[in-house]
Amino acid sequence: MSGESWQSFLTFGFFIVLTFVCGAYCLLVTRNMIRAIIGLELLIKAVTLLIIVVGHVTGRVALTQALVITIIVIEVVVTVIAGGIALRVFRHNNSLYIGDLNKLKG
Amino acid sequence: MTIPHISIDTILLFTMVAAALWTVMGRSLLKATIGLAITSAIISILMFRLNSPLAAVFELSVCTGLITVVFVSTISLTKPLTHKEIVELSKERHKRFGYLPIIIIVTAIVLTLIKIRNNVAVAPGADITADVRQVMWNIRHLDMFGQILIIIAGALGVVILFEERKRDEW
Amino acid sequence: MPSLLILVPLIGLVALNLPNKDIMRKLAFWFALGLFITQILLAIQHHPVFWNYQLEKMDSFFRVNFSVDHLSFIMLLCIGIVSTASLLVARHTIHDEKERFKLINLLIIASIGMSGTVMTSDIFSMYIFLEITAIASFILIAFEKNIYALEGAFKYLMLSATATIMILTSIAILILAAGSTSFSDISQAVRSPGNNIVVVAIGLFLCGLMIKGGVVPFHAWVPDAYSAAPASVSVLLAGIVTKVAGIYTLIRTITAIFGLDGATRSALLMLGAISILVGAFAALGQKNMKRMLAYSSISQIGYIIIGFGTGTFLGIAGAVFHLFNHSMFKALLFVNASAVESRLGTMDMDKMGGLSAKMPVTGATSVIGMLSAAGIPPLSGFWSKLMIIVALWRSGDHAYSIIAILAGVVTLAYLLIMQRKAFFGKDNESVSEAGLGIKTASVMLAGVLVGIGISFPFIFNRFLAPLREIIHR
Amino acid sequence: MILPMVLGILVFALRRARPAADLCAVIATAANLAVSILLFKGNAVFSRAWIGLGFEFSLRLYNLSAFIILAMAAFGFLLTLYSVVFMRGKSGACLFHALVLISLALANGAVLANNLILMLFFWEALGITLWGMIAVGGRHSFRTATKAFIILGICDLCLMAGIAVCGHLAGTLTISKITITTGGLGGLAFIFMAIGAISKAGSMPFHTWIPDAATDAPLPFMAIFPGALEKLLGIYLLTRISLDMFTLSPDSWASFAMMSVGAITLVGAVLMALVQKDYKRLLSYHAISQVGYMILGIGTLLPVGIIGGLFHMINNALYKSCLFLTGGSVEKQTGTTDLEKLGGLGRMMPVTFICFIITAASISGVPPFNGFFSKELIYDGALERGKIFYFAAIFGSFLTAASFLKLGHAAFLGKPQKEDVKEAPVAMLVPMIIIAGLCILFGLWNSLPITEIFRPILGPGLEGHNFAGWPANKNLVLVTILVLIAAVANHLWGFKRTGSGLKAVDHIHYAPGLRTVYEKTEKGKLDPYNLGMKLADVFAGAAASCDKAIDWIYNNFTPSAAGVITGSIVKLHDGNYRTYMLWSIAATAIIISFLLK
């Protein structure tokens, strides 16, 4: 791989890792279900960007675009279902507090 | 890693991380959603710059548009917090999320120290200049079937999860 | 023509959801049953005409690199049997026809997802099919919409999404290294040593799969999801979903792509041993029948991983065979659990007792399932455990083989506890035998266990010996 | 060749209809007996490649295994006949018969197997049927069954480990091809396999489940399993490993170890037996004690000892099962086996009483019954190896006689505690009579089993020796008879003192400190004896506390240790997905860094 594209990959990778850290921290620390889902979204976005970058530096833009489109579709469905579950939980508990979600344990 | 060069890309990326940070640390859920939308928009600009216009359009329309709508509607369906609660929560939140910027800075420093050798050799591919639609329809049409299935599953999920039952269960 | 296994259910699924729903609702069960049984038959026969023939038209349109080998056959068989069992249970546990229709739809989607996973030879397609299965599973777990179901589904969703992100990151790096997503291309690119970023990718990929498969310490969602899901869904989940989504994919990707080098090998052995022990001991302390079975699942998955970790033919064949057996007996035990649940309305084992007198079929089959799980000869579970232990011993991992043997005692202990609390002991009045469908399912699975146990040499030669090819590729 | 029959038995066994099952059980065992008679004296090897992993499905029939199979078939038949009557009307009878048949089939398999893995397979499966049979007994028996299963399971694990080491050393798992010396790893393998064998036979310290099972399990179980089948199997395996698989010399540590285990078992268990107040429990301790003789005999590794051990094995199976059967008859007719509530049954159950007398005389080694001859052979062997073993054996014999005098006295003589007790049904008497008859037959005509069966096992090298007939060493006989007379005297003395047959030997148990001093002064002559008895009391106490300690390990320690581990693992799962996610991410980080190394 040429040094230039490797350099650009590293630049993007640097920031993508930072975004990963943001999302993971959000997932681990938050106490609100919706915010947890938002954290998940951030992670997925970082991954999509990573795939596009990889496509760019390897010259396989068409392939990665196709993949990313599929990923986005899947991501939307997952998000909708997660949102639906959150909504249902809210109906039951009247809160989105994650601490309430530990009835199954042991 | 070496310290990245300053360019439009770098600025955009920096804004992206800032937006992500704001998303996570934002006080209310609505602000977080807006932050997510901004992050998403920046990512789609980056995709344009990386010669991936179709993915960028998709990202812009679906993620910035559709998902934001989903979140906003979910949030509006759940009970809004009172002002007092928000104030109390935000105090606590500062404690919990205050560490995030520090962690990010530390990660950044660690990353600049790591050296990754460039010994990834990519075999020259045939589809470098191929068109996206061609790739999607000719090579990756299995993915299209997958998408159809996932959308059906999602539709069923929406029907099941959002449907109100007559008798209220515990 | 293997693509028909994806295409026909898909078309059927669309047709079922067309207007004029009343007829379709009645038809759905039989359609699904037909599909699953066809799949079983095709997988047993593995007739070359079906599997190798390329339809002229389809060839150009459906140029998917499905590659079906003997490992896929075993998994397809497994998927067919467990889906059938799950379908039969669903017929008798969900009484609202509308609800059942939706559940059957999702069952079909999940089984398409799984069939696709085991047939594909493209890493991204594998991801998509995994995701299809996973999404169908989220909805299925949350199906009853009570708070436990939602909690279980949410935990599964969160951990599964984490796994997804790991897998996608890994795929991105693999594309960087190989420029393609097919197994063969990646396998060529990956095997040059000294490439740290690729090693990271491999690690991420394997860990993602282990989350989906429920290997300790990635396992914690498993008991919650299994115990919260409705009866038929827990049969499907425990029986096959995690096995295909986590373990099959692990075996496939390692044998076809990453290769089993020393570090991976010792990591697998270690994780397998931890899984065996943690799962078995945690199962010992459970009061809820389904949770106990779920932890038992984790422990059995440990056996599969540890057997696979040996890297020898005997170990891998034992692992695959145990995977199959485990699907069967765990599905059987969950079918019986659902029979009990449908009659008693509880899974708390302290409230059960004396059920084998009132539910003779359930009691007898669960004894068979239990003995098979504990590895008692001549049931099928014995053979696979034996193969794994012998393989461990031969490959020089004596300590692991001793762990595997000793954990067998714990396995027997918790299963005996379950058996005694639920099926023996004091009488429980006013309980009747479970419905016909559930009985059929449990008798079918018990028959498989006994039959395979007795005809083991035949099974070995016919189904397991050809697995040599996946190692020496 | 024998396999179809095994399968046939299995099929029979699974039939559930009640009256039919009884019939089936009898027919199946009769068929088994017939086939094994036909096969007796046969010599065949049946072998087939098996699952392509280097294992062979091979069965081997030769004189020892053929004999064992014949013996098992005979016992199976007689005891099934007995248990059909005994179990009539009890819950779980069908299941019990089915399990007996399956066990019989499995035991056949274990004896015939010529491949260690195959043998292990049958061996382990026997554990399950054993568990099932004890569990049939009722509420309490579940615990006992589990205990038995755990003990045997652990011993089977030892056996498995031994087999693994054997296979490693010998490079083959075919029994007839293995020859290993007992150095280093070989010694380890020998210890493991011997543990597996003697635990099956019920030797100390793996015995604790047997007395418990005696009170909880159905009685025919006791007659079949600890009484006959398990002894046959365990001693068979012990013979196989010490004669065929391992090359042992009479001076080796292995021999010494086996003899020590045998001596300790026979004395320890008989001391425990002496103080029992329950018919079945008493017998069960004797079942353990007699194993000691066999292990002692085989452990000498001298031809005379081995033949004595094997002969004792079959004799023990005969009289011990018959004794259990008399116990069963008593239980069936009176409803209790507590010796304090029994008495004077001799008049009301004459046949049972006679059978009891014959078998009790056998077990105590009274000439001319079979037990006498086998014990003499063992004494001979033991004396040659060391005086201490001989004394232990003689001492055991003394205590055995004493305890049987007590038992017979308490149960069959004395004042009747219950009126109108009838003799047991014919179907229960027939097996007892046959077995008692065999006891006499094997005693009077002992050349039949010895020359026909046991000598060929040892093969050539025994020319000029004829172990049949009256023992050669007349001094030994004299000592034995003296000991027996001493036992009778002891009993009479005790009876006079306490006035009760049951308490006739209590002085051994209760030998108290104060009275000892008193007796010392009054009866100076009996002083050494009393001291000996006191010592015996200490030993008995030690044996009892040892027993309790082992019990505690099985009953309390293991579960509580497991409980702690389980509890902490369960506590770790706190139900919060963030914890779980943290585990996952941390584990991923660890694994990746491990892979990067």
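Labels for the chains are A, B, C and D, by order of writing; each one numbers its residues from 1.
What we mean here is this: a contact is a pair of C-beta atoms (placed from the backbone, for glycine too) under 8 Å apart; a residue touches a chain by one contact, two chains touch by 3 or more.
Given the structure is predicted, the values throughout are model-derived calculations rather than measurements.
*Asks:* Among all chains, which one's averaged Cα position is nearest the averaged Cα position of every protein chain shown?
*Replies:* The chain sitting closest to the overall C-alpha centre is C.
*Asks:* Taking each chain's centre as the mean of its CA atoms, how far is subunit C from subunit D in angstrom?
*Replies:* So the centroids are 45 Å from each other.
*Asks:* Can you give the whole-Å distance between the Cα centres of subunit A and subunit C?
*Replies:* Averaging C-alpha atoms per chain gives centres 27 Å apart.
*Asks:* Provide the C-alpha centroid distance between subunit B and subunit D, rounded to the nearest whole angstrom.
*Replies:* Those two chain centres are 72 Å apart.
*Asks:* CA centre of subunit B versus CA centre of subunit C: separation in Å?
*Replies:* From the centre of subunit B to the centre of subunit C is 31 Å.
*Asks:* What positions in subunit B touch 2 or more of the other chains?
*Replies:* 116, 120, 122, 124-125, 139-140, 143, 146-147, 150, 153-154, 157, 161, 170
*Asks:* Could you list the positions in subunit A whose residues touch two or more of the other chains?
*Replies:* Expected reply: 27, 29, 55, 58, 60, 63-64, 67, 70, 74, 77, 81, 85-86, 88, 92, 101-106.
*Asks:* Which subunit C residues sit where two or more other chains touch them?
*Replies:* 124, 128, 131, 135, 138-139, 142, 145-147, 154-155, 158, 162, 176, 179-180, 196, 223-224, 285-286, in rising order.
*Asks:* All pairs of touching chains, please: list them by chain label.
*Replies:* Pairs satisfying the touch definition: A-B, A-C, A-D, B-C, C-D.
*Asks:* Name, in rising order, each residue of subunit A that touches subunit B in their complex.
*Replies:* Against subunit B, subunit A makes touches at 1, 3, 6-8, 10-15, 17-19, 21-23, 25-26, 29-30, 32, 34-35, 37-39, 41-42, 45, 48-49, 52-53, 55-56, 58-70, 72-77, 79-81, 83-88, 90, 92, 94-96.
*Asks:* Could you please specify the touching residues of subunit C with respect to subunit B in the complex?
*Replies:* The contact residues of subunit C facing subunit B are 6-7, 10, 13-14, 17, 61-64, 102, 105-106, 109, 112-113, 116, 120, 122, 124-125, 128-129, 131-132, 135-136, 138-139, 142-147, 176-180, 185, 189, 194-198.
*Asks:* Help me check something: in the complex, which residues belonging to subunit C touch subunit D?
*Replies:* 154-155, 158-159, 162-163, 166, 196, 199-200, 202-204, 206-207, 211, 217-218, 220-221, 223-224, 263-264, 267, 278, 281-282, 284-286, 314, 371, 376-378, 382, 387, 390, 393, 402, 405-406, 409-410, 412-413, 416, 420, 424, 456-457, 460-461, 465
*Asks:* Per the contact definition, I'd like the list of subunit B residues that touch subunit C in the complex.
*Replies:* It is residues 116-117, 119-120, 122-125, 138-143, 145-150, 152-154, 156-157, 159-161, 165, 169-170 of subunit B that touch subunit C.
*Asks:* In the complex formed with subunit C, which residues of subunit D make contact?
*Replies:* 50-53, 121, 124-125, 128, 142, 146, 150, 153-154, 157, 160-161, 164, 562-563, 565-567, 569-570, 573, 575, 577, 579-581, 583-588, 591-592, 594-597
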